[in-house]
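Here's the structure we're looking at; comments come further down.
A, B, C and D are the chain letters, set down in written order, and residue numbers restart from 1 in every chain.
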Amino acid sequence: MDWLSKNLPYLMAGISVGGQYALIAIGYTMVYGILRLINFAHGDIFMVAGLVMVYASTVMPVYLAIPLVLVVTVVIGFLVERVAYKPLRTAPRMSVMISAIGVSYLLQNMALYVTGGLAQQYPALPWISDTITVFGVTTKRVTVITPPLVILLVAALVMLIQKTKIGMAMRAASKDFETSQLMGIKINSVISMTFIIGSFLAAVGSLLFFSNYTGVTPTVGAMPGLKAFVAAVFGGIGSIPGAVIGAFIIGISENIIKGLGWTTFSDAFTFALLIVVLIFKPTGLFGEAANDKV
Amino acid sequence: MSENVLKVEHVTMQFGGVVAVDNLNLEVNKGEIVSLIGPNGAGKTTAFNVITGVYPPTNGAVYFQGRKIVENHPQGKMRRQYLGENEGKYDHVIAPTPDRITKLGIARTFQNIRLFKSQTVFENILIAEHMRRTSNLFTATLHLNGTEERNMREEADRLLHILELDDVRNEMATSLPYGKQRRLEIARALATKPSLLLLDEPAAGMNPQETDELTAFIGRIRDDFHLTIFMIEHHMDLVMEISDRIYVLDFGKLISQGTPDVVQSDPRVISAYLGVQEDE
Amino acid sequence: MKKKIVSALMAVSMAAVVMAVPALADTVKIGVYEPASGDNGAGGKQEVLGMQYANSITPTVEIGGTEYDVELDIVDNESSNDKGPSAASKLVSDGVSVVLGSYGSGVSIAASDIFKDGGVPAIGVTCTNPQVTQGNTHYFRICFLDPFQGTVLANFAADTFGAKKAYVLTKLGDDYSTGLGFYFTKAFEELGGEVVKGEFPEGNSDFTSYITDAKNEGCDVFFTPTSTEAAANEIEQAAAQGLAIPLLAGDTWDSNVILNAAKGKDVQIYVTTFYQEGGNAEFDEGFKAFINEDSTNLANNGNDDTVAAVSAMGYDAYYTALEALKAAGSTDPAAVNEALWGVTYDGVSGHIEFDQENGDAIRSSAFVKVANTESGAWDFVSEQTISE
Amino acid sequence: MKKQTEAIISVALIAALLAVLFILERTIPSTSMLFTVLKKGAIYALVAVSMNLLNGFTGLFSLGQAGFMLVGAYTYGVLTIPVDQRPNVYMYYDGGMIQFALHPIAAIIIAGIIAGIFAYLIGLPVLRLKSDYLAIATLGFAEIIRAVFQWDKLGPLTNGSNLLRNYPSYKSVLFYFIAAGVCIALIVMLINSTYGRAFKAIRDDEVAAEAMGINLAHHKRIAFVVSSFFAGISGALLAMYQTSIQASMFKSAMTYEILLIVVIGGIGSITGSCISSFLFIILSEWLLRFLDSELVIGGFKVPLLRSGFRKVVFSIIIMIIVLFFRQGIMGTKEFSVRRIFNRITGRSRKSSEGRNGR
């Protein structure tokens, strides 16, 4: 029992943070699947969701603030795509990526301007922020409810992608961008839908993440964003189940490394894992190979 | 039988379950113009890509001037799925990258033109001479290779003159008319001083008058540059006019070979192109 | 159309330059080299508020017989070593007579040579790393140093909690954090205690594994000299995981970010700092009024009017500079530099006097206070001196 | 306009620039903001040009520049701290491992070489990757390098999380202009050499380049190592400019800044990168500083102006340039004396000797 109570906290923290990374990673993998774009600003949209919640909860009760945060984040995600990515639809990949970096730079500086760099305190969400004890280990309820909630959301998303018309349009667009346009698929609305779903999940992810880690600063979105991207690549970019499984693996292994005392290299480990995956199995666990014809 | 330049032996190329090229054997001898024809999707460009090292064959080998330059045998998953014959004949792997094959003296052009779009005509040819350089990074950077640079430029101008592209010397490569872009691609291939030139549908998209000019042009460069030419082409008048020998591919298999008039009257070739006559 | 946008942008920035240089007779400029963004932005802004308050009370000073208006020339060093030097050289080129700053030792060291070349003396306000003043004659400091603060914390941990084993958590790449951690460890081991070390990387939010380590190792005290950015998460997770042992930290934790995070949680937080609200009633009321009258000031102080120790230090630094200006009898930076060695001033945070070797303040005591999680304010604990 | 006359005019222009700087240095006080900005502008011009060599001329999208600058800066710092200062700097590591000091110029070149070696090792696995994967992999390596340099077990060598300082540095702005100028000249000569043409071929069409006998792996490695060599040198210059360095300042934000400078200047234009780096530094670190402090014009308090506003305005300007001026200031054109001369004399560019005769 002693071994369990010693190491259970790492495992639980790993699962919970893994679940939160999963919700962000899905955003990356969907956007990359269709646009072949690494949305550098996605981590910062996650941060903005946190900030909106902080400011909303000062003026309205929490149960009103939560839907507001979801809506505002989705709108921001949609606007970012329409303003920063749509004009560059035909531009070379490098300039779209630079535009993504520019948006990330802008969101962080705006957050800095509004908060003045002060770490904002995330409000305690009623039910999920209470502390509970599980097998003798005290932690927050959010740690326990994150995995099932994530699996539920992912199942719903996979159903949407497999069963609905918009889902089919997304799959077509991710297979071949040009031909799906020829088939009369309104590409712009498909892309907007992707960003809307991605931002919505990122907003839910921020609700869970920040109730566990309550300090919200302008750069708080950078590291989870990068780790979520590593998870997306590790799971196989473009595959949603892959992103989720990759995120759980990264969340757990990162905490195990911290548990073993190699804390200085927990972040460096994530990048090392990314580079190993990129070189030996670029398609990741579940991705399909995409080779371009000569 | 004059000296053999290119020999393709039991080459099979299988993508997953699809056999694009099936047990291909062909030869090209010094000074010959040999054509490879066949309906679309017969595996012609795939054969070219195997010869030029774009991807290794699933099985078989390629010889150049008597030396084996490419070899492969079914490995891993492919060993179970392999559908072609002659599996045991090859045991080790030679898979040079395309640039190593070009250095051996095999130059090629592409089915859809791949010129360097941000460079002028003159610069496109200069780039092809880079591989024959004797200077290293330092002497080149410090511009100590003056003579080599001058020779490169003179050689490029000479090629431009021979191929009648002097007037568009400083134009951007992509702003040229279609015919001239084709000719520039050939000029660029010649700049690598090849002994074997692989042309992938040089006359694609050309009108009859341009095709006639091209026919004379190919004959001329074969003689001026002492080349051996191996060509994929659909324009039958060009093929029949200029080829010494012809190989016909259909669904990856060699169905006929020989001089132009032999191949022209071969029933299998006609059916491959025109479909089988349904005898009611 | 595009050409017009570009020329418009150029025109705006050119015009701006002209406006930014108002000329007034008889002004003495005091440079304020503080972070307003980046990791230490919050602390830097509270420090500047102290200086601005002091400036609002005594806007003029009599130097060599003539009355001078004191103008604060404030630049943001973005708490980063590559942006700091250009902020510093802007101050030098603006012709300031003395510079106050910075919060955070890294940026202070980064700008040290620029102040030296410009011949402008600088007064460190709350940078506690010894390397700031070491081996130079132009950088002074009015706060105590890490060796002193580390020892005070070690003594406090040993005396008050009888701690035998301490968990020390520092931030990778932060010289203040590793420096204070080093001195605490040295002092704590000299007292016979044992130290378990932990380090977290930049941008880390999850501290569960460190807290679990501290519990598993059976540490009696959890010492974590980090910035306020990490503090919020540490406190939250310490409470969530029911960490029974007290949290100890240095001067950076003396801010309302910690109070907000700790409010209503069962967690004990002890902090050493330069000043404790209530130490000087007159300063407290005046400062609170100054904060509440202007919305930007309120926002910069974290939306409430608790008096942060760094504001008190900023206030004292301003007056120390005035003392130096008066003693020097001229606004020439070299004269001010010379005068600074002899300056003594009894400020809100105690007696200030410089040692003649490195220009460090001779400080013998530090205030210790505890976060009262019900009232959400700091309660005074003791004024700790070190035994030797 | 023959090549010789153009060469003479260019040399004359450069000499004039250096003379102006020389005079300025004698007249204006040496700590004036102008010199600070010019020094930093020159350093950022070099690192922007070195990044342009990779992104703009070879089509390799790398985000590892900050990592190689860090290696260069630390190599310079560690090798040149005078021995008597070492106990003072390596306080927590009793004087540190290395007990010798080299001449600054030698240390700068070694800084570049060591950054190049790091690049060679990192390049082996990474250069085969496609553009966006290459960007993330190089970004990852830069973060790993930073974590390693901050590790306290390496303290005796890198001083762990503490600053490296007290190493010699040149104060005159001339030194930075000459050092950066020489390096940029070398890069320009490389780009105009046969290797430069090979890089541009790889940028335009890898498949065609390979078919023309250009060994992709070899040439990509050369571009990557050369670019990192000069990033290492600019890291050393930055260390000199700043008189103290710390691993935590070489974050990915620094690479993004350099990338944005390259984009503003025009990807594929050397002079574009130089111009935009001076513009970027002058605007962001000097002229736009007023945006951060309250400004009262005739009793009217300008709204919005408070700390942090400068960076917001700056990121908006960058977004406008990235979206609407995709070519940047110079696009892929170069500032050349001939083009100015032709514009003055009204002769069209076509009839002159041609683009490549530079």
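In this text, a residue touches a chain if its C-beta (ideal position, glycine included) is under 8 Å from a C-beta of that chain, and two chains touch if they have at least 3 such contacts.
Model, not experiment: these values are computed from the prediction.
In summary, the chains found to touch both chain A and chain B are D. Among the other chains, B has the CA centre that is most remote from the centre of chain D. Our note on geometry: chain C versus chain D, Cα centroid distance of 33 Å, whole angstroms. Separation between the centroids of chain A and chain C, computed from CA atoms only, is 36 Å. Here the CA centre of chain B is 43 Å from the CA centre of chain D. Centre-to-centre spacing of chain B and chain C amounts to 72 Å, using the average Cα coordinate of each chain.
In chain A, the positions touching at least two other chains are 112, 116-117, 222, 264, 267-268, 294. Multi-chain contact residues of chain D (touching two or more other chains) are listed as 147, 150-152, 207, 306-308, 311. In chain C, the residues touching two or more other chains are 36-37, 41, 45, 172, 199, 201-202.
Every residue of chain A that touches chain C in the complex is listed here, in rising order: 6, 9-10, 13, 17, 112, 116-119, 121, 131, 137-140, 209, 212-215, 217, 219-220, 222-224, 255, 258-259, 261, 263-264, 266-268.
The part of chain A that touches chain D in the complex is made up of residues 36-38, 83-84, 87-88, 91, 93-95, 97-99, 101-106, 109-110, 112-113, 116-117, 222, 226, 229, 233, 264-265, 267-268, 271-272, 274-275, 278-279, 282, 294. Contact residues on chain D toward chain C in their complex (touch as defined above): 29-37, 40, 85, 88-89, 91-92, 146-147, 150-152, 160-163, 165-166, 169, 171, 238, 241-249, 251, 254, 281, 283, 285-295, 297, 306-308, 311, 317, 320, 324-325. In the complex of the two chains, the chain B residues touching chain D come out as 52, 54, 97-100, 102-103, 107-108, 110, 114-120, 122-123, 126-133, 135, 137, 140-143, 145, 148-149, 152, 169-170, 188, 191-192.
Residues 2, 5-6, 9, 13, 16-17, 19-20, 36-37, 41, 45, 74-76, 80-87, 89-90, 92-93, 106, 109-110, 112-114, 117-118, 130-131, 134-135, 170-175, 177-179, 182, 199, 201-202, 296 of chain C are the ones that touch chain D when the two sit in their complex.
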